[in-house]
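Each of the next two complexes has chain A plus one more chain, namely chain B in the first and chain C in the second.
Moving on to the complex of A and B:
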């Protein structure tokens, strides 16, 4: 395993007046799955297209396996791409689509045959080889697109929102299926997505992008539990955010005054500074016993939403204000009603604080 | 009431079709007449007017010239028009809409205006050769037909396919050839068909550019009609109708008329 297999260093890209990539650097290990996550316009697709060679950065270098490919055109790079709507060729059959890259490399029909069959088997589409691609379902089209990209044995696979064209249920199945398939092949893969859940499911590491830069690049668990900024926190998962003022600070622990009362968080900010305190909904408990490791607060139930596997309880602050708390419980205790005042708590170590 | 309305529209449709087709259909029996005049119903049956086509001075060479000009101008328009259409659809050109409208504008311009303008332009350029003048003018005539259908096809074409072909190892020109061209083939075929016909039967523009030895078929036919209005013209027309049917049949076989007319 090469730790710096794909390296993008100092990439800038401008379109007219708009800067889409700003001095962006990224390093991906061989065989690793990395997601580029961000809202539309954050530059994630531009970065993908720069790696594919469909765009060229104004500045910076891109290397794969130590080889500088910055100046190479797309067709010289040997980088596979699965496009958002798959971009299958409707004038060709499934097998011809898969053979396309082999034929473009000057491999004869006879030689390409077994490799196409192998690729068809890999994505379990053996019986569909002679069908026109227009006759396939969304999931099947995705498999053909993956087979077409993999059959040429690319040094890298790029996937641009590969699940966005599928309905929700199928998407979840295909995410797991594709992840296993790519592991089996052992390829290095970069996913572009705006869906945070998808990023957490499919990747070893997630790069959250913001305005042409990578805001945080880390594994899904760290990303969820220790987001580096408010931006990352907002983008990944649900959370309750309370604004407040730092009362005191000592030994890496701050006390914050919020609309719900005073709470503690592991951070060191100057007393008096404005902060946002955040907690994940599932980190909260209802009516906790007294415990020094917990922040314990009170609030009034404004809404109870039953979501099947879990129930969300929305709480209003006792004092006037906009701030609300969302609690998530896997089992709903009996006798709860809206309007009721309850106490709730969460571990101090689960409390995140950011400068607002 | 509803049935009556439906019946009325069907009747109107039938009348319109008859109105459009009857004059054309009448030409066919007339071409087999024995009489030396255009008369319907025809008298007797003979193939003499078909035989005469070969003997009428300049008719065959005019046919050859028209076919040559139409084929060449269509081919040139296909190549140039496709490149222009790609630039208009893909390139971030300022005023692409206006340019696209301009490129199809000769369709809206009266042929006479275009013909006079062409005549002047050729004079200014000092181009005296009738064949080249005709070819250039006919590229102008055919271009809008190609542009219109190719632009329409391209607007439905997913250019991610070209990107896909590039990442699979095709250079940009090769990707265009292997992926874009086969996918907009119906647009090419129907555009080329209309362009060929527009060139083949063009009169108002060609009339300013022909000379004594270089005459296109419509001009030669009209000349002939003025001298001896006999059923030879009906025979020529019948052959042209046959040719059109044959070409339409070929197109249907190749890409399907339904796909063509949808563009």
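Moving on to the complex of A and C:
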């Protein structure tokens, strides 16, 4: 495994007055799955197109396996792309679509045959080879797009919102299926997505992008539990955010005054600074026993929402204020009703604090 | 008209909206056409094919038919070569650029063919704009004779019929997914391979439509050849006009018209079959 297999260094890209990538650097190991996650306009698709060679950065370098590909055109790079909505060739059959890359490389029809059959088998589409691609379902089209990109053995596979055209149920199955398939092939893959859940499911590391830069690049667990900024916190998962003021700070622990009371968080900020304290909904418990490792607060239930596998409880602060706490329980205790005042708690170590 | 009730019910009632147009065309187009075909086979002693024998047995008329076909083919080819890239530029342009390109391609349609043909006369004359320009640029020493040459004729014809090539190709290209050539590039396809295997096959229905429209218009052209070439380059339409107006030889004119119509219909039907075949290759 090569640690710096794909390296983007110092990439800038402008479209007229708009800067879409700013001094962006990214390093991906061989065989690794990395997601580029961010809202539309954050530059993630531009970065993907730069790596594919469909766009060229104004400044910066891109290397794959130590080879500088910055100046190469797309067809010279051997970088595969699965496009959003797949961009299959409508005038060709499934097999002809898959054979396209081989034929483009001057491989004869006869030689391409077995490799096309192999690729069809890889995505379990053997029986559909002679169909026109327009007759396929969304999931089948995605498989053809993946097979078409993989059959030429690219050095890298880029996937642009590969699941966005699929309905929710199919999307979840295809995410796992595609992840396993790409692992089997052993290819390095970059996913572009605006769906944070998808990024967490499919990737080894997630790069959260903001205004043409990478805000945080880390594994999904760290990203979820230790977001580097409020931007990342807001983009990945749900959370309760309380604004407050730092009362004291010692040994990497701060005490914060919030509308719900005083709580502690592992951070070092100057006393008096304004902070936002955040907790994931599932990290909270209702009516906890006294424990020094917990922040224990009180609130009034304003809403109970049953979501199937879990129940969300919204709490208002006893004091005036707009802050609300959302906590999630897998099982709803009997006799809980809106308007009731309850105590709730969460571990100090699960408490995240950011300068506001 | 006396179709069984079950079949009649299957007919979409919206189809009746075509009725006024059909009646109009039947009265002003179909009826005169049948009358003309009738006059092409009517001799002094009843039925005769002597009109066709005169057209197809005379070296002069065969030469006219050949010249007409040559003019139509060169016009169609020229319009295709110039119009195909223009259609792509038009389809891919955005904002005000597309408006300007549209105006450049389609405003000439609003100028009468006669005005345009006279315009070409002014440009190509011995003391015309083109000669003046080339003389002053030192490209030529003496004015070149361009008007009443085949070059002038081809240039004028292509100018007149170009929009009819651009429009159908444009409407097909506009519907094409612009990411398909990108996808081909990421699969290792060179620009030439991308064009011949993706762009060209997908734009072919537009090309077939444009070729059949321009060919059938050019093969019947009358005004442009008469104004830019005159009697030196007789086309079938010019022979027809002469036969009807000067010679009062209805049999000859009608037979020539029937031959011309057959040529145009063969091309249009051939194009329709080709288009259908391309369509099914993609769709089923």
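Observations, loosely collected:
Convention: the second predicted complex is superposed on the first by the 356 of 356 C-alpha atoms of A that agree within 3 Å, B and C clash if a C-alpha of one lies under 4 Å from a C-alpha of the other, contacts with A are read in each partner's own complex, and residues count from 1 in each chain.
What we mean here is this: a contact is a pair of C-beta atoms (placed from the backbone, for glycine too) under 8 Å apart; a residue touches a chain by one contact, two chains touch by 3 or more.
Just so you know, these numbers come straight off a predicted model, no measurement behind them.
When both complexes are superposed on chain A, chain B and chain C end up clashing with one another. Of the two partner chains placed by superposition, chain B and chain C are both touched by A:52. Look at A:134: by the touch rule set out above, it reaches chain C but stays clear of chain B. Within the superposed three-chain model, A:66 lies out of touch with both chain B and chain C [touch as defined at top].
The interface of chain A with chain B overlaps its interface with chain C at residues 52-54, 73-75, 77-81, 83, 87-91, 100-101, 104-105, 148-149, 152. Chain C meets chain A in the complex at residues 177, 179-180, 182-191, 193-194, 197-198, 201-202, 281-284. Chain contact summary for the complex, chain B toward chain A: residues 158, 160-161, 163-172, 174-175, 178-179, 182-183, 185. Only residues 52-54, 73-81, 83, 87-91, 100-101, 103-105, 132, 134, 148-149, 152 of chain A touch chain C when the two sit together in their complex. Chain contact summary for the complex, chain A toward chain B: residues 52-54, 73-75, 77-81, 83-85, 87-91, 100-101, 104-105, 148-149, 152.
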